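Paired with chain B in one complex and with chain C in the other, chain A is shared by the two complexes that follow.
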Partner chain A sequence: MIILCQQLVLGFMIGGLYGLAAVGLSLIFGVLKILNVAHGELIMLGGYGAYWLFTLVGVDPFASLTIVVPAAVVAGLALYWLLFRFVVRAQEERRIKNSLLIGFGLALALDTLAVKLWTADERGITTAYAGKVLIAGDLAIPVVRLASLAVAFALIAALHLLLTRWRWGRAIRATAEDWQAALLTGIDVRRAYLLAFALGTGLAGAAGTLVSIGYSISPSIGLEWTLKALIVVVLAGLGSMFGTFVGGLFLGVAEAASAAAFGGPYREMIGLVIFLVVLMARPQGLFGAR
Partner chain B sequence: MRAERRWAGVILLAFAGLALVPLAVHRDDTLNVIFLVLLSMTLAQSWNIMAGYAGQVNLGHAAFFGLGALITRKLWIDGIPVLVAMGAGALVAVVFAMAVGVAAFRLRGAYFAIGTLALGEILRITTGNVFAEISTLSAATIAGYRLTLRYYLALGLAALAVIVVATLATSRLGLGVTAIREDEDAAEASGVSALGLKLTALVTSTGLAALAGGLFAYYHISYYPQHPFSPHWTFDALLITYIGGVGTLHGPVLGAVFYVLLEEYLAARWVDLHLLIFGTLFVVIVLLLPGGLVEAGARLRRLLRPGLRS
Partner chain C sequence: MLLEILDLDAAYGDVPALSGVGLSVEPGEIVALLGPNGAGKTTLLKAIAGLLRPRAGTIRWEGEDLNRVPTHLIVERGLALVPEGRRLFASMTVEENLTLGAFAARARCAQRANLERVYALFPILRERRRQIVRLLSGGQQQMVSVGRALMSRPRLLMLDEPSLGLAPLMVQAILDVLVEINRGGAAVLLVEQNVRAALTLAHRAYILETGRIVGEGGGTELLQDPHVRRAYLGPLAAPEYFVL
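Moving on, here comes the complex of A and B:
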């Protein structure tokens, strides 16, 4: 019983990162109506960014967020300008398909690049405080993972504030709802696309940093994280950032429960099965209400 | 339509030439490379039926390749003739595809793509857990291993794939399938049964993929049963088809030759860098040259003969 509780708590904490990964994907998907399947690769690169900062310069991984996130935003601006700005010109159905293909090619290239730069070995950041645990009753809670969960929540709250209070944040939401109407009210839709995309990649960078602290990264984790983010997006629908975060927590706990019930190797299955079931129930796609 | 028949003739003629290669060349490395080209060609061609003609991007294609490999290997090692085992593998994959297809085709466009990706991953993880041990041929089988046998089987299968796609493309069925690709709702409205045709395309596509998987199982001395389920088989097929020219008969053929030869060349010089190059090339093709090598060739011809009207 204690073991099960312990696993569920750990699942809850990685679930926060699933939520963070999914919020970035969901923002890009909801606003630009494109599916960036290289999102997991961006998370992977963010993780390696923090890893390099830690091993080469000795920057604390939580502090390195202030470097990795802006760098990821800049990378997002570059990617949008190089690739995705051509994609958003097309009609909706074609847009999704082309973005899927481009994201896929990008993922392949980034995977290989990461193997070249960091080899295929698994890496993680081990700080001086990495082994600390909080004891709550019979449960042991790793401090770094708890801190990661808190940071993930804080980032999502910050994003919520940006989208509701900032002028361009409101423009982004208007564009997500109806880009034609937004255009008619004088919103620069292209700019809103660019900003939403850069914010999304910034979040991917943050998620990657947190993954490299409490867990491990390798060049091949991209597809896995893209799938997790997709599962959460499908589960939670679009629109609410906090809803997506809760969806992530749910997936984390569900995975832990399924690992406890059927054994570790089947950990990934539950998410994929949920994913297919939800997709089947809503074949019209992920755009919630329609 | 007529172009497809002409290309089928040209390709089959080239295959006839390839049939003579083992008589003249006795180097195993050459035969192995040609084998790889033919296997990739068959797999890409099978993927092309769905993506190129029916317009359905199936990212779980490796599942069918893997199923074919799994069943064929099991039956063949148990002593059943390999052709029968391959047929059985294809049958299982087709039945599975029918069962999944009815549900999966409720998904449209990108949702079909990510749904099939999830499905492929489920099958890969399950296989990896159930059949965790490496599958190796017995010493007696290895002693009697003949590469030319595999070579001719690959050649026959690639020829079969070309004939199937050419027949499909020039038939009434092919017309219906391409109508769905262009506009599914309009096709339905004009009396095309979308689900039926998509299932037919899926069955043809998976049957060929599973036969290719069977060939893989017959060719390799030892491998992990999970390996043919790996998404990289889907990705290979996708890259080859797009680089060559999606939705054409000769595109995947050209693509496979280009892809495998370049891969072999690059892998020898810069280990692993080939995927970086192919990934980038693929992005460029999707953005700038959606017709792949085939379109590049057509554009070049138009440039060289400016007087010709097409």
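Moving on, here comes the complex of A and C:
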């Protein structure tokens, strides 16, 4: 029983990162109507960014968020300008297909780049406080993972503030709902696309940093994270950032429960089962409108 | 001349929607655009607003060619469209929708005053300003849609079927507001199914059929026109049967 609880708590904490990864993907998907399948690779690169800052310069990984996230935003601006701005010119129905092709290409390129730069070995950041554990009753809670969960939540809250208070944040939401109506109110929809994409990649950078702290990174983790994010987006539906975050927590706990019930190899399976069940029973997702 | 359209052709793919359309709106005018379904009325409004680029012809706004102006900057110049089906940001509140209407730089400086003006026109929206738009009645949603367009301080307000699906009392309320907006100095270009009401309040009207302008005249003049009466007002439309 204690073991089960322990696993569920750990699942909850990785779920926060699933949520963070998914919110970035969901923002880009909801606004630009494109699916960036290289989202996981951007997470991976964010992780290596923090890894480099830690091993080469000695920057604390949590502090490195203040460097990695802005860098990821800039990378997002560049990627949008180089690759995705052509995709959003197409009609909405064609965007998905075109973005998949570009995304897969980008994912392969980034994978290869990462192998060249950091080899295919697994890496992680081991700080002085990495082994610290918080004891709560019979449960042991790793401090870095708990802190990562808190940071993930804070980032979602910050995003929520941006999207509701900032003028361009409201423009991004308006564009997501109805881009033609947004144009009619004088919003430069192309700029809303650019900003949403950059915010999404910024979140990927943050997620990558947190993954490299509490878990491990290697060049091949990209696809796995894209899949997790995609499952959460389908599970939660579009439109609510907090809903997506909750969806991530749910997936983390469900995976832990599945691993406890059927054994470790079945951890991944539950996500795919959820994916199928949601698509069959509630295709708009748990928190999606319509 | 506020708006002048010359020889406009537009198409959806290979299907022609407008051919050789000419139309003009003077400052302070109410102009009605009438015609059966599929005649191209919505297409014409979309072309003016920049949502659809014409094949040929010119759209001139205060003497300047609009063909190359990006859509979001057309609003900036004082042209606003209340689109068919309202097209609100349904998950946002009334006030969020309205303030988004003042996104254009020129309108933003006067956002507070514009908001007061819209609330004065539609007092119910002030009461409902924190409500999610999806939960409003159809008539109130239409008010938000008109209000959102007004937030950009347009000199020409274009409306595509603003009375569609509304209760008769609400239709009258919306049309009354248009007259009031017009008195405030804005020109109005109105597409309306309710031909009699539209012609009664319009200074001039155009009739569009299968993508061509087939008739033009003063509002009351067209109300007496035999073709208009037969095609749009029905056989019982003679004034001896109905009091206008």
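Just so it is clear, the second predicted complex is superposed on the first by the 280 of 290 C-alpha atoms of A that agree within 3 Å, B and C clash if a C-alpha of one lies under 4 Å from a C-alpha of the other, contacts with A are read in each partner's own complex, and residues count from 1 in each chain.
In the analysis below, a contact is a pair of C-beta atoms (placed from the backbone, for glycine too) under 8 Å apart; a residue touches a chain by one contact, two chains touch by 3 or more.
Predicted model only: the values in this text are computed from it and were never measured.
Novice: Name the contact category of A:278: first (chain B only), second (chain C only), both, or neither.
Specialist: It touches nothing on chain B or chain C.
Novice: For A:257, select first, second, both or neither according to whether it touches chain B, chain C, the two together, or no partner.
Specialist: neither
Novice: Is chain A touched at more residues by chain B or by chain C?
Specialist: After superposing on chain A, more of chain A is contacted by B.
Novice: Looking at the overlay, what does A:59 touch: chain B (first), chain C (second), both, or neither?
Specialist: Neither chain B nor chain C is touched by A:59.
Novice: Determine, under the contact definition given at the top, whether A:173 touches first (chain B), second (chain C), both, or neither.
Specialist: second
Novice: Just chain B (first), just chain C (second), both, or neither: which does A:86 touch?
Specialist: Only chain B is touched by A:86; chain C is not.
Novice: Tell me the contact category for A:188 with respect to chain B and chain C: first, second, both or neither.
Specialist: So A:188 only meets chain C here.
Novice: Would you check which partner chain A:96 touches, where first means chain B only, second means chain C only, and both and neither mean what they say?
Specialist: A:96: touches chain B, not chain C.
Novice: Once the shared chain is lined up, is A:143 touching chain B (first), chain C (second), both, or neither of them?
Specialist: Neither chain B nor chain C is touched by A:143.
Novice: I'd like to know which partner A:109 touches here: chain B for first, chain C for second, both or neither.
Specialist: First partner only, chain B.
Novice: Same chain A residues contacting chain B and chain C, which ones?
Specialist: none
Novice: Using the touch definition from the top, list the residues of chain A that touch chain B in their complex.
Specialist: Chain A reaches chain B through residues 35, 37, 83, 86, 93, 96-98, 100-102, 104-113, 115-116, 223, 227, 230-231, 265-266, 268-269, 272-273, 275-276, 279-280, 283, 285-286.
Novice: Within the complex, which stretch of chain B touches chain A?
Specialist: 57, 103, 106-111, 113-115, 117-119, 121-122, 125-126, 128-129, 231, 235, 238-239, 242, 272-273, 275-276, 278-280, 282-283, 286-287
Novice: Which of the residues in chain C end up touching chain A in this complex?
Specialist: Residues of chain C touching chain A: 49-51, 70-73, 75-76, 80-81, 83, 87-92, 96, 99-101, 103-104, 107, 148-149, 151-152.
Novice: For chain A, which residues are in contact with chain C within the complex?
Specialist: Chain A residues touching chain C: 167, 170-171, 173-174, 177-178, 180-189, 239, 289.
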